[in-house]
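The two complexes that follow have subunit A in common; it is paired with subunit B in the first and with subunit C in the second.
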Partner chain A sequence: MEVRSQIAMVFHLDKCIGCHTCSIACKNIWTDRKGAEYMWWNNVETKPGTGFPTEWENQEKYGGGWQRTPGGDLQLKSTDKRRVVTNIFHHPHQPSMDDYYEPWTYDYQNLFNAPEGQDQPTAIPISMVTGEYIDIKAGPNWDDDLSGSPVYAENDPNLAGLTEQQRSQLSAIERLVFFYFPRICNHCLNPACVAACPSGALYKRGEDGIVLLDQTRCRGWRSCISACPYKKVYYNWSTGKSEKCILCFPRVETGQAPACFHSCVGRIRYLGVLLYDASRLEEAAKSNPEDLVEAQRSLILDPHDPAVIEAARKSGVDDAVIDAAQRSPVYQFVKVWKLALPPHIEYRTMPMLFYVPPMAPVMAQRNGGRVDGISQDFFHDIDDARVPMQFLANLFGAGHEAPVRYALRKQKAVRWYRRMLTVGDVSQETASRMLREADCSPEEADAIYQLTSLCTVDDRYVIPPAHREEAIAMLEDPMEHKQGAGFGFIARPARGE
Partner chain B sequence: MSSTAIDLLVFAVLPYVTLVVFFLGTVGRYWNRPFSYSSYSSQFLENRFHFWAVVPFHYGILTVFAGHLVAFLVPRSILAWNAQPVRLYILEASGLAAGLLTLVGLVGIILRRYSEPKVRIVTSRMDWTVYALLLLQVTTGVLVAIFHPWGSSWFASVASPYLWSLFTFSPDLAFIAGMPWLVKLHIGGAFALFAVFPYSRLVHILVVPNPYLWRRPQVVRWYRPRPAGRGV
Partner chain C sequence: MNAPFGRWWASALAAALALSVPGAARAQDATAYFKQNCVSCHTIGGGRLTGPDLKDVTVRRDHDWLLRYMPNPKALIDAGDPIAVQLFQEARGVLMPSLPGLTPDMADALISLMESESKLEKSQFVGVQVSDRPFTAQDIERGRAIMRGDIAQLAGGPPCLSCHTVRGVGALGGGRLGPDLTKVYERLQGRKGLSAWLSAPATTTMQSVFRDTPLDAEEILPVVAYLEEAARQGGEDSGFGRVTFLLLGLGGAVVLLAGMDGAWRKRFRAVRGPLVEEAGFGRAHTRGGIR
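On to the complex of A and B.
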């Protein structure tokens, strides 16, 4: 057993209201710079929808992630070593700015300076790349809230395997349904971007698993952009370097939640430590598609198990980190309750951001949009839902419905259990039976309710101390850092000649 | 200035100036400004024309450069290979083909840089200088191949000894004196390219990814000491 710690995340989709506050918080801190204007390290997509960049989930087009060879080995889909070398001058799968959007601002001066005329002057859009006037063709969240549907939404790769009837039902007038899908870098256990980087600039931090990109070692070969199946590594066209979400590590190291977490209005985000067995990682990543969710879950170790604690100490995991792992909300959601599922685990990067699948639009189908009445099969509406189970399974179960159904059934059972306690129109017998059928105890239901609805900041974000001071002490003379500030990046990140 | 004086300046002094500038410049830049080492790829800004310009250029120039390098390092084996006319023709034809491929690619690159507004934005004055020098270099190279044929043979007997004389610090201009002006221009252009190398995007050649080929897929960095016996 090789125990490592990983800062992992849970996004509770049932609580996301799609306000984009997280995106703005991130944008204002990190990507409000030349060359980074188009980047959204955090973005919120509408599902069904094509996302950002357009159709990022279509790996036939973008060639991201890992695949299994016929021999059962793991191989990067389009960025293995041979192809990185032969494609180094031109990556056939690399997205271009057209797949994202050309960032723009407006010529506000025109509102004041326009010559007198028949029409009101307008603020004309100006490209932030060329500085010329542009016609805006698309932007981030162009299909937000299903605008433009079904023109955009019907290209969602997750619609694969749905019947024609299910597809048309998804976008039917007055019955259409969507939910939000906020995304940041997944800080994967088996990151494709790291494995594909020819310069060794991308790396995973050993102590907390945050995936970072060393700006001074990046040479702009761009393999990471093609390799990341989630398209969460971005190319800065001005500096000639790639950039990605850094999980606000300067904040995390000082005990603060990342900006997107901290600003989350719906309080959908949870952050905590997971202990996992790195020695079994490769084996798990090679599992059969239907076993992938469970295989990844099996890597996560019980932080209360004395054997795990001993092994963790032997592997150099700090006691404070073990303590944080024991209080981790992520561990509860992912491992204990099995409510949170990894996105597109079939890419085999072992993402460390998990999603609680959305419930609300599922329930609303029965009885003309009213919450359903009581039937003997309490969970039938999960399968009859407006969002077809197959769609959610394509997103969160590698195409397999079982883990998604399990999570939705448990969520529903907890709701009905709470309804029994607070509203009282559900009998205790019904509630108990539903909990039993959903593999949930009353105690567990209480805990789920507590962490979902009544959670405080300290419940949601359990951040272990980073002990950077020890790292510095080992490397250099701490006196040198006594009055220092910043992250050690002295040179201005300006484009070279 | 007499032609011998020009020869002395360009073929005996300039090479050493170039050499010093090249080494101090690249090392200094790597040391002081590692952030500035990048391929500065513009594929992200324009994805279609890019393929038809950049790919032929790189494969072409790599082949041509390899040819020059081999002729410089092992001139005798080139002469031995060329002993049979058929093999000489094959070598000359493939050299010319690679040169033309480079030229086509380079012209494509320059057109793309000029005509795509987004790509033009990220093209610096130094980039244009490099493209001008490269255009001169590749054009003269192709013209030499056409008008002064069997270069693969005479390179080994004239140019290689000259270059070796440079590296042994006893520049022998006798080899240069009889060269056609086109060849002289080509050699002088090469020195100029090496001189601007450290101050241009050409530095990306020095950081081509080689450790990648034999490293483990995943990279992990630890900031604190690892207990004994624990791997990466």
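On to the complex of A and C.
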């Protein structure tokens, strides 16, 4: 057992209202610069939809993530040692600006300077790359709230495996449905971007697992961009270097939640420490598709287990971090309650951002004159929901419904349990039966309710003290420059040289 | 002046300022100079090449006239000197070049050399003795091979084709750095002149290439045979090789690009654009925006 700590995240999709405040908070802090205009380290997508960049989940085209060889080994889809050389001048899976969008502003002067004409003058869109007037053809959130659209929603790669009827219902008027899917870098345990970088510029920080890109070592090969299946590394066309989400590490190191977490209106975001077993990581990443979710979950260790605590101390995890891991909301959602699931675990990068799948609107049954929501099978509406189970399974279960169904049933049971307590139109017998069937106890239901609905800032963000000094000491000797000049001289000053 | 540095410095100064420095090495210098610069056109007692046989030239010509003529023949011809003009006509218009390093002092040394060599029974500058036997088909074939570099030269010199072209030598022709050699057999007045030239080429470029790797006498005959055949076939290089070369290059580029397009046909082109096109919204999107 080799214990490491990882700052992990949970996004509760049932609470996301799609307001994009997170995206704006991030943009204002980090990517409001030349060359970074098109970067959205945080973005919110509408599902079904094609997202940003367009159809990023279609790895047939983008070639991101890992694949298992017939021999059972993992290899990158986009590159390997041989192809690094053969594709050195042309990377075959590189998205173009058109797959993102051409960033633009408006020529507001035209509102004042336009010559007299028949119509009101408009602010003409102007490209922030070329400075020319452009026709806007796409934007960072072009299919926002556009589910049912024949261009974008119908090309969502997660629709694979759905029946014709399910597909047509998803775009049928008065039946179409969507939910929001906010995304940031997943700070994966097995990051494809780090593996693909020929310059060694990308690295996973030892003490908290944040994946960072060293701007001084980056040579702009852009292998990370095609390797990352989530398309969360971006190329800055002005500096010639790639950039990515840094999980606001300057904020995290000072005990604050990252900007997108801090600003979240729906309070959907949770941040906490997980302890995981790094020695079993490779084995877990090579699991069969149906076992991937459980294999990743099995990597996460119980921070209350004395053996785990001892092993964590041995590998240099600070006691304060272990304490934070014990109070981690992420540990509860992912490991204890099994409510939160990794996105597209089939890419085998072992993402450390987990999603609580959304409860979709119910297809109500009309009984005579009234709408009747209750049937004998209390969980019927999970299968009858407007969002087909297979769609969610493609997103959060590598195509397998079992983990998604489990999470939704438990959420459903907690709702009915709370309805019994607060509204009182459900019998205690019914509520208990539902909890039992959903593998949930009343105590657990209370805890889920508490952390979902009544959570405070301190409940949602359990950030350990940074201990940068210990992290640095792991990599270099703090005494290295002792007796040095202290003003940038690495070599000790000596006479006669 | 005994130090090597001093000697070098002195000779450099002498050459630069054309000072008269009488020395023991003078005759030796003249011999080397004659070998390097004169024997491609002249013999001493070996008969006429491009230029006249220089045996007894000191008897035929005045010493002062020789001193005036040798460093700059063109000036004398331009000035209408009757002997110079006659020599020019005898050489069928081939002008004796003004040679580098032919200082008045060197000219004087050369005249002394020619005088003493003329008195010998057989001068060392009697010229290459090329066999008079008629050229055979094998000679021509072998000459062509040497020319093209199919057969390596004995001394390891570069094949003629790398700088020169000859009509009919190959589809792509030869190099364009040196002159076309199709008519060189006629220009250098036949077998003897051409052979002499090939044994010791007089131009700076050829010298620098062939000084250390001269053509063997056994190689000169076939090359001459081939060039004689080329001159007999007649006609200058038509430029056909140039066109072929261009067309081959263009064709090759097209084939290469087509091959690359085929090899990477599954490459990433675009995602969003085709998506919109397929859904039939392409035209609406490109109709032009609000101005």
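Rule of thumb we're sticking to: the second predicted complex is superposed on the first by the 454 of 497 C-alpha atoms of A that agree within 3 Å, B and C clash if a C-alpha of one lies under 4 Å from a C-alpha of the other, contacts with A are read in each partner's own complex, and residues count from 1 in each chain.
Everything below uses one rule, namely that a contact is a pair of C-beta atoms (placed from the backbone, for glycine too) under 8 Å apart; a residue touches a chain by one contact, two chains touch by 3 or more.
If you're wondering where the values come from, they're calculated on a predicted model, not measured in any experiment.
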First (subunit B), second (subunit C), both or neither touched by A:307: neither
Which superposed partner A:457 touches (first subunit B, second subunit C, both, neither): neither
First (subunit B), second (subunit C), both or neither touched by A:172: neither
Touched partner set for A:96, first subunit B, second subunit C, both or neither: both
Touching partner for A:122 - first (subunit B), second (subunit C), both, neither: second
Contacts of A:54 with subunit B and subunit C, given as first, second, both or neither: second
Which of subunit B and subunit C A:402 touches, first, second, both or neither: neither
Contacts of A:138 with subunit B and subunit C, given as first, second, both or neither: second
Subunit A residues contacted in one complex by subunit B, in the other by subunit C: 90, 92, 94-96, 98
Contact footprint of subunit A on subunit B as seen in their complex: 29, 32-47, 50-51, 54-55, 58-59, 117-118, 120-122, 124, 126, 199-201, 203-204, 207-209, 211-213, 215, 217-227, 230-232
For the subunit A and subunit B complex, residues of the former touching the latter: 2, 81, 84-85, 88-92, 94-98, 102, 129-132, 190-191, 194-195, 197-200, 202-207, 215-222, 225, 235, 237-241, 314-316, 467-468, 470-471, 474-475, 491, 493-497
Contact set on subunit A toward subunit C in their complex: 50, 53-55, 58, 61-63, 90, 92-96, 98-99, 122, 124-125, 133-138, 150-152, 154-155
Residue ranges of subunit C touching subunit A (in the complex, touch as defined): 264, 266-268, 270-273, 275-276, 279, 281, 285-286, 288-291
